[in-house]
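You will see subunit A twice below: alongside subunit B first, and alongside subunit C after that.
Presenting the complex of A and B:
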């Protein structure tokens, strides 16, 4: 295999142990025991939470962006007549707010993984790579829920305080939760795909909105009827929530199955 | 759900007993129509130190990324310490450490948090002890609670070295590890290599011919994805190796 005629070689000046610091010389063998998949999930989730609560990078940017969207909504609705009731369109406005805000957050969710190729460091660990997806998606769900907890009361006070909310308005929590899980799941998968592309912000939005359309449609319907109430409210609410939940299960399952292939590519 | 693999498990024992650190057979990697690696075959004995040299675009980093399971070969087979990288990627990952010119660290975590994260993911039995030991080895104990973002390039690279050794890998892959290191950091790294090379195998990618030659027990020269030379370094002197390198890559 050698492509040259070898000639004798002088003794190389390889670094020797005499040149080492005392500390380096004390490096001892260590044992490892592969953690359970659930433990690895908790470690990765804990890393994302610790990092976010230290930098508040995603929460701050999503929170500010959500408030700005509310201001835009307010400006647009001010043009309507003084007696304009926002309630019939509130479901749609709430989900527009969530989708815009989540796009910003999802775009940022992998930026710190890319900065020093930290994601590659995680990929070098013997773990089921779908765990990376689950941990990241879980973190994104939590961050989105925090932003929703802050902005939705604000939405109520700005636009719905004068409206007659139905007694069933509390049920809106169900589509909010189911929709947030779906958005975070699909968004995490797409953010993984787009993280190393040029124009990742635009690409994520272009892929994300059509893909979450069925979820969005179901969640808007369920949220709207929960706020408006009515005798046949459950006839719309039940199927809409079921559609959103089925979407979540299918998309998260597909993401789980495909993630190893996607992240490796 | 609990899945426990001890270091003393059967695959590990097989790896420990493996005669070869690396067995590469007809390895090719193509990006579209461009062949980055073209039918490479070589076998590196356990405990060896391989230096991979070649010009930019020769396929050095691609080869290293395949060995690290970060890229998939287009064809051919690679066995790392007796484990096939396609069939047993997790077994391979448990045994390798990778030091790249990018640190693979989280800048917004402290030095200690970065190492603890890696130690816990690998399942190091006493993570805190191991982290303290490695921080001492790379002389970063005093900065353990500082964010990695606040580190100089040399300190970041030292922390990356500690991270790569956290799980006591049997094979360490080094991609231009001296990039950005100041003389002191290079000295620390050399010292670590000197103490560790008796107990593990190394693969080094370097543009520094002399450094690679001095460290290596085996030399591998790549040119446009093809193997030009694979030989024990004892069979060569630096002048002839250097001459071959420049004949091959030009310049």
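Presenting the complex of A and C:
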């Protein structure tokens, strides 16, 4: 194409990455073994957990925020009649709570890596960039799960103590787990993108909510039927959980493939 | 730096005219040859008020929207496919021209998505009697529109050209994968609350199929012509900018 010539060509950044690792390989004697991928993963994950254990920054802010969202729910439902049963909409409310809270945590998960150029430091290490993705996503899963363990009993206490929960309510753990993994996976990819943009907080919400919609839809369906019970409950629960799991697998695989491009950009 | 536009650019004006002719022909045939369609039978011989009229089972003039609505929707999907393909090409080849092509394809997609939404709104109002319903296909398309709008917000939020191109390519790919999943999920997960009241029979007779296909082909031509015009304009603009910076140095 003749018209393309004057447009500036983007310089590939992948060769520089391999150059760094090649330089590192020549500098260090071959006697020192490179740590295994799993060990790199463990170190990166441990770093995030240790940081959280020392500052308690994420868990406090996410926990307080979740309680505030519960207050907003309470206010929204306050004018309903005294006998109003929250149970049919409980699944939806729980997922609204999780989505909002996760947005807060995801925003933070990369913003502190920008301070003191911490991310550049990690990038200098000759490792597979996807490991950074997996470690960060795992940390986000763990934080979200801790917040869920604290806030969901609170949700029951505040909204559902008068309702007759179905015997199958324990099954709700399955969509909660599958959904949390998917949210953390897609969210980590998007948080890496938005941390380098103007107005990162808003942008993450704008990209994250539509992208996570299918997962949200399936998880709300599965959680609701698990709480409500009924004979044909499995007819909805099964496909919903299966599709949510399929979303997890596809999206995390794609995120994993794209991550190297994104973090190197 | 030759001035000669390539073959697609020379074809574009012809395709624009062809697309205009085809869609006009489809529009005329739509009202002359395609028969009116029976509306859905309301349950238990009931009556309903739709658009200020009491209806039972009438011949629906509003069904004519379909001949516009569906081709436009299909065209928007095709444009988004190009966004994803150019995104992959950019990530592999690292040529900023692919980023420009992906951006222009998404712009064309947004135009067609907005047309689909507007015609779809009319359809809902006069066929279903509501302005909005969380029906699977509607919901999915709404999400798709938000993803495309998000794509442009993302582009506007990044200054560095190479980073913008990479992020936009990645988001374009992931959004294109997300769209079919949301359609599949809203279809396959049963939601107990909503009865199925929407007809999905697609047995189209020949007089109905002809305007539909003409319109679809016409919109493809129009979309492609729009894409080439915009791409050429953007390429020339990039060249002009490059020349300007050269001149300053």
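Following the convention adopted for this analysis, the second predicted complex is superposed on the first by the 233 of 265 C-alpha atoms of A that agree within 3 Å, B and C clash if a C-alpha of one lies under 4 Å from a C-alpha of the other, contacts with A are read in each partner's own complex, and residues count from 1 in each chain.
Keep in mind that, in the parts below, a residue touches a chain if its C-beta (ideal position, glycine included) is under 8 Å from a C-beta of that chain, and two chains touch if they have at least 3 such contacts.
Everything numeric here is computed off the predicted structure, so don't read it as measured data.
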Subunit B versus subunit C as contact partner of A:203, first or second or both or neither: second
First (subunit B), second (subunit C), both or neither touched by A:121: first
Contacts of A:167 with subunit B and subunit C, given as first, second, both or neither: neither
Touched partner set for A:251, first subunit B, second subunit C, both or neither: second
Touching partner for A:221 - first (subunit B), second (subunit C), both, neither: second
First (subunit B), second (subunit C), both or neither touched by A:78: neither
On subunit A, the residue positions that both subunit B and subunit C contact, one per complex: 1-10, 12-13
Subunit B-touching residues of subunit A, taken from the complex the two chains share: 1-10, 12-17, 19-21, 23-40, 43-44, 47, 50-51, 54-55, 112, 115-118, 120-127, 264
Touching residues on subunit C, where the partner in the complex is subunit A: 1-2, 4-6, 91, 94-97, 99-100, 143, 146-147, 149-150, 153-154, 157-159, 161-163, 165-167, 169-171, 173-175, 177-178, 181-182, 184-186, 188-192, 232, 235-236, 238-239, 242-243
Complex interface listing, subunit B residues touching subunit A: 1-7, 41-42, 68-70, 72, 89-91, 93-94, 96, 98, 100, 102-109, 113, 117-118, 120-126, 130, 133-134, 136-137, 139, 148, 156, 163, 165, 167-168, 187-188, 190-196, 199, 213-216, 221, 227-231, 233-238, 240, 244
In the complex with subunit C, residue positions of subunit A that touch it: 1-13, 186, 189, 193-194, 196-199, 203, 206-207, 209-211, 213-214, 217-218, 221, 235-236, 239-240, 243, 246-247, 250-251, 254-255, 258, 261-262, 265
